[in-house]
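Across the two complexes that follow, chain A remains constant while its partner is chain B and subsequently chain C.
And now, the complex of A and B:
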């Protein structure tokens, strides 16, 4: 008889890593690590100027670009990754939406010459031309993530809290799987 | 066929012998062999049994087109792969393979009796014969037919292998590593962009690997390729599908060519490639000729004979006859003769062949018979000889031989071109469809574009023969056992389109998708119908080009990584407490917390009693949450929800009911107004993404003028529901900045302050009918606050409860669960929720649909309670309800049970149901027929506890 595999609950034991993991993808070194604590804000407005004035910060004009920790994700959407302890004005009464989502997501750092290959295992974006200062919302397989290119060969990956264990292990599995193969 | 290894030649490494087993016998080949070439070298003729008639079959081709030589490769326990083409199985030391679809042995197969009685099994036989009795199809016919007409056996053990997957991007993707493909890749490399070259073989070169004259060129091209840093070559990789916008799926075989002991890492890798331009260089597949006996083992494609000789150093036989309709057969014969293979004769259906070929054949001492056709092949398990005749009908002559090579012309491989929706154009010269106009940024080069000189020939249907077609075993589709007579029969029975002929005969419907049979099938149909091929249509190729493993397609999604399991921040605590979990959408939630071997029933009764009598705590973190912010927030919610929202004061909560455009209930939840321009919405756990998507859809498409924005905050907040008469006492010492007094903080109010030192949005709401709070805190502080509340509650007998208890408590109060008590066809009135519909509101989503006459017509199902006459009887959720259990079957059903529980508070079982005109039936008895008995129940209002709501406002 066909052995029926235990259902996906096999994944219940996964926990997000707390220490850096080093390995190779496509023969290139990669390090995956939990990112330092940050505050997170979802920022929305029809008029970028109104939002900029409301929070007292400059905003990137182009979608997919980061200025001072704020990425423009869409025509009316920005996302801020700011140092711990930062508080943004709430914009009460203004035609803007400022919502703190610090606890909603966690961040990973993916770094090294193989970082693009590690991310490309599950992300359909062409990251080859994704220069530092770029950021976008995308997916890793079925899970929504944001990828921020923070420095050469260094990427910050944002993922919602409950998807983090799966994403961490998916990234780490890529290192283990392909280490020393290619 | 008695194949043998030639003394010299080929691209194999004769210094590296490789031992392997096939059907329990030991053989030896060389590095560079495929399983097929090594078996032919070992004198093996018989490689499989055909699908339907179980006829003995040998090799037909030497590549992806092979229909006959399907084998099972055994790489150890749980690593058994059926249905591999022996021509594509690379030989490695210790390889273990076996033939398929035969019993008890390949040589003696009892089901071959099908072949003896083959005349009784024409096309459509199964469809016609096994129609009756209907029930026997599933029970008897299908299992038996499947067993007899089978491919290899599916593996039953869990696959221990890992599979990798990746995306890749390039400016130019070249598919096919023959000379045309390599040249295209080199050209593309000049532009400086990223180039990927995919080839399915162990070695680049395609057809040139079987042409020694091209080897120097090949060596040079490969060296140039290796010098291009921007070219990635993926060998042993099959591009199996061409999808929209130049998206190509390919599978790279990583370890199957290695001995199991040497295989480390993933077995295969799925490549998902987005290319700026796709260059198809898939080459062409040689076409068999259709004649009586063309499937006797030893009859194969001329190109296969050539590949065996030139690439693998193997002679297909000691006396080889070539049956040609195309120049390439002559060239193959000449090349093989030069390599040391004895060519007994070349027979060509054409009266005239190019002079240079005829001259070369004569010079090589090969007998030539032009204007002739083979009319019979003798031998059953192997070719013993052929009979041929001038024009197929003249005096018959016989040649003893042990192999017959067919050269019926070439079919350009337009598989991926067709996946990509490129048009096809009929070419008379090729007797085949060639790429026409591309839809994608794609072009075809080399033989697959018809741009390669393979010589010329004539296109034949069935070779002429004195015997009528129905008396011939002239095969068209070798894998599905379709003969020329079957296509004749299909036409006789009225089929006119190739799509019908294909389905009636199953021609081209095997796993090889007719790589060697489609065009011959078309030609035969065209001849019988007397209409041009292009008028009969063409069948469509679909992915995959060749069968792929499920493992490769699954990629990373295996075992623990199969899919994300979402857990709340309280999950670790619940696990430590021994909670039993259930999955709710992607979340897993604690269902109940058994103590000391309690059953679910006992645990739930205890948890329910604790909430009603003292206090319980519940992890409600998975509830969907949306922050609605902006000056138009209230206006927006007023348009979305059925009830009015504009008048809700900051600091107050309201139950919201959300309909779809069709007026049926979609979701519900309690939401709080945090400020004039800020709301904290909640949705059901499973509905979170759906509700956000729907609201965003309305905002973007209908009301883009509104200044309001939606942010998912489901994961921002951990939510602890604290319910029961002692709830206030538990949190009182923990809360700062909020007056918890009942008057200052009434039911359906929301406040901001701190709890256990953590900022909180504290809502006084209840899904249990008890005094209750929902404590929202940032998720990363959730566990800390949970622990603090749990500790503070010890003095009050606090009890953690799970989703099952939550369900019972709300059912006692008649609170609905969307998706359990509703089924997508229930209106607010059906569910007794009219009170939540703003009668004076000018509009809200679904309002217009609610005005349709049938939405309040008599006979609609209404939400009611059910109390069984036997207080201990628990109804089954989903059970049908009837008014008269003695009514004749089919008995009219008036509704069904939606929820049923044992209630501690009611001291008996309770149930909720939707029943036609249910409210008018309150007090009446209805019946729930179950196997072997009928349960009687009384219809009640859907409210079993504290109907006045006095406890809520305590």
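And now, the complex of A and C:
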């Protein structure tokens, strides 16, 4: 069983990567791992059509839906998770905001039959009905995260960089603790 | 845990994603300089504190980040209805 307190002060070097952790939650296997490097863009606009035209990509109409790596988080807010190095046109002169925020957040992948249970340890959202192709901002314990359902039993968790060590330890400790109890 | 229906996300979402924003439908005076002290005090500080139905603002802070309005019963904590900011309160709503 992992000791949470020493881990919390030890920290981890997320820039150089962290080994994947395998464990069990409620008897089901889960693997958590740092996600591959991605480019992140924050997209804001009152008029979705203007933003879509500015960046030359389709935008999801419905809040919580992902189209081609772009999730709609709110009525005027989209968030893009794109392959590393992708550059979006800035939309200069248009009433839109297209800002790269790659360094703001890091991603974790939570995968396996127990992925929902692993996330449900800290997130009160009903993930059982959260089908692939959906994404939303929510909370894990007290930390704001985004959860993207990328494939069946596979979730991508976006978290602000400064909160990432805590979230990583919390997820890892959850797996180990449950494995010990099982 | 209470589930709150967000009118923007069109989903029932857990209470911890939301923050309370005080009484709803408080109109900012169009000409604040014309108000006397009592009226200004009333606008700034005086709020209703009903036992029962209450129109109030909420923000889906850890979701779509939008403010919206709700009718909540302060006795049972039950949310009767939620609706988008700028929309009229449903008929019969307490102010």
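Things to note:
Throughout what follows, the second predicted complex is superposed on the first by the 162 of 182 C-alpha atoms of A that agree within 3 Å, B and C clash if a C-alpha of one lies under 4 Å from a C-alpha of the other, contacts with A are read in each partner's own complex, and residues count from 1 in each chain.
We adopt the following convention: a residue touches a chain if its C-beta (ideal position, glycine included) is under 8 Å from a C-beta of that chain, and two chains touch if they have at least 3 such contacts.
Predicted, not measured: the structure shown is a model, and the values here were computed from it.
Of the two partner chains placed around the shared chain by superposition, chain C is the only one that A:63 touches, whereas chain B remains out of contact.
In the overlay built on the shared chain, the residue A:101 is in contact with chain B alone; chain C does not reach it.
Legend: residue contacts after superposition of the two complexes on their common chain; A:124 is shown touching both chain B and chain C.
Put chain B and chain C next to each other and count what each touches on chain A; the higher total goes to B.
Look at A:44: by the touch rule set out above, it reaches chain B but stays clear of chain C. Of the two partner chains, chain C is the only one that A:139 touches; chain B does not reach it.
Comparing the two interfaces of chain A, the one with chain B and the one with chain C have residues 124-125 in common.
Chain A meets chain B in the complex at residues 1-3, 5, 8-14, 42, 44-46, 76, 90, 92-105, 117, 120-126, 128, 141-143, 160-163, 165-167, 169-170, 173-174, 177-178, 180-181.
Interface residues of chain B, counted against chain A in their complex, comprise 156-158, 162, 164-169, 194, 254, 264-266, 272, 274, 555-557, 559-569, 581, 583, 587-588, 627, 629-631, 675-678, 707-709, 711-718, 778-781.
Residue ranges on chain A touching chain C, taken from their complex, read 63-64, 73-75, 77, 124-125, 136-139, 144.
Contact residues of chain C toward chain A in the complex are 1, 8-11, 13-14, 16-17, 62-66.
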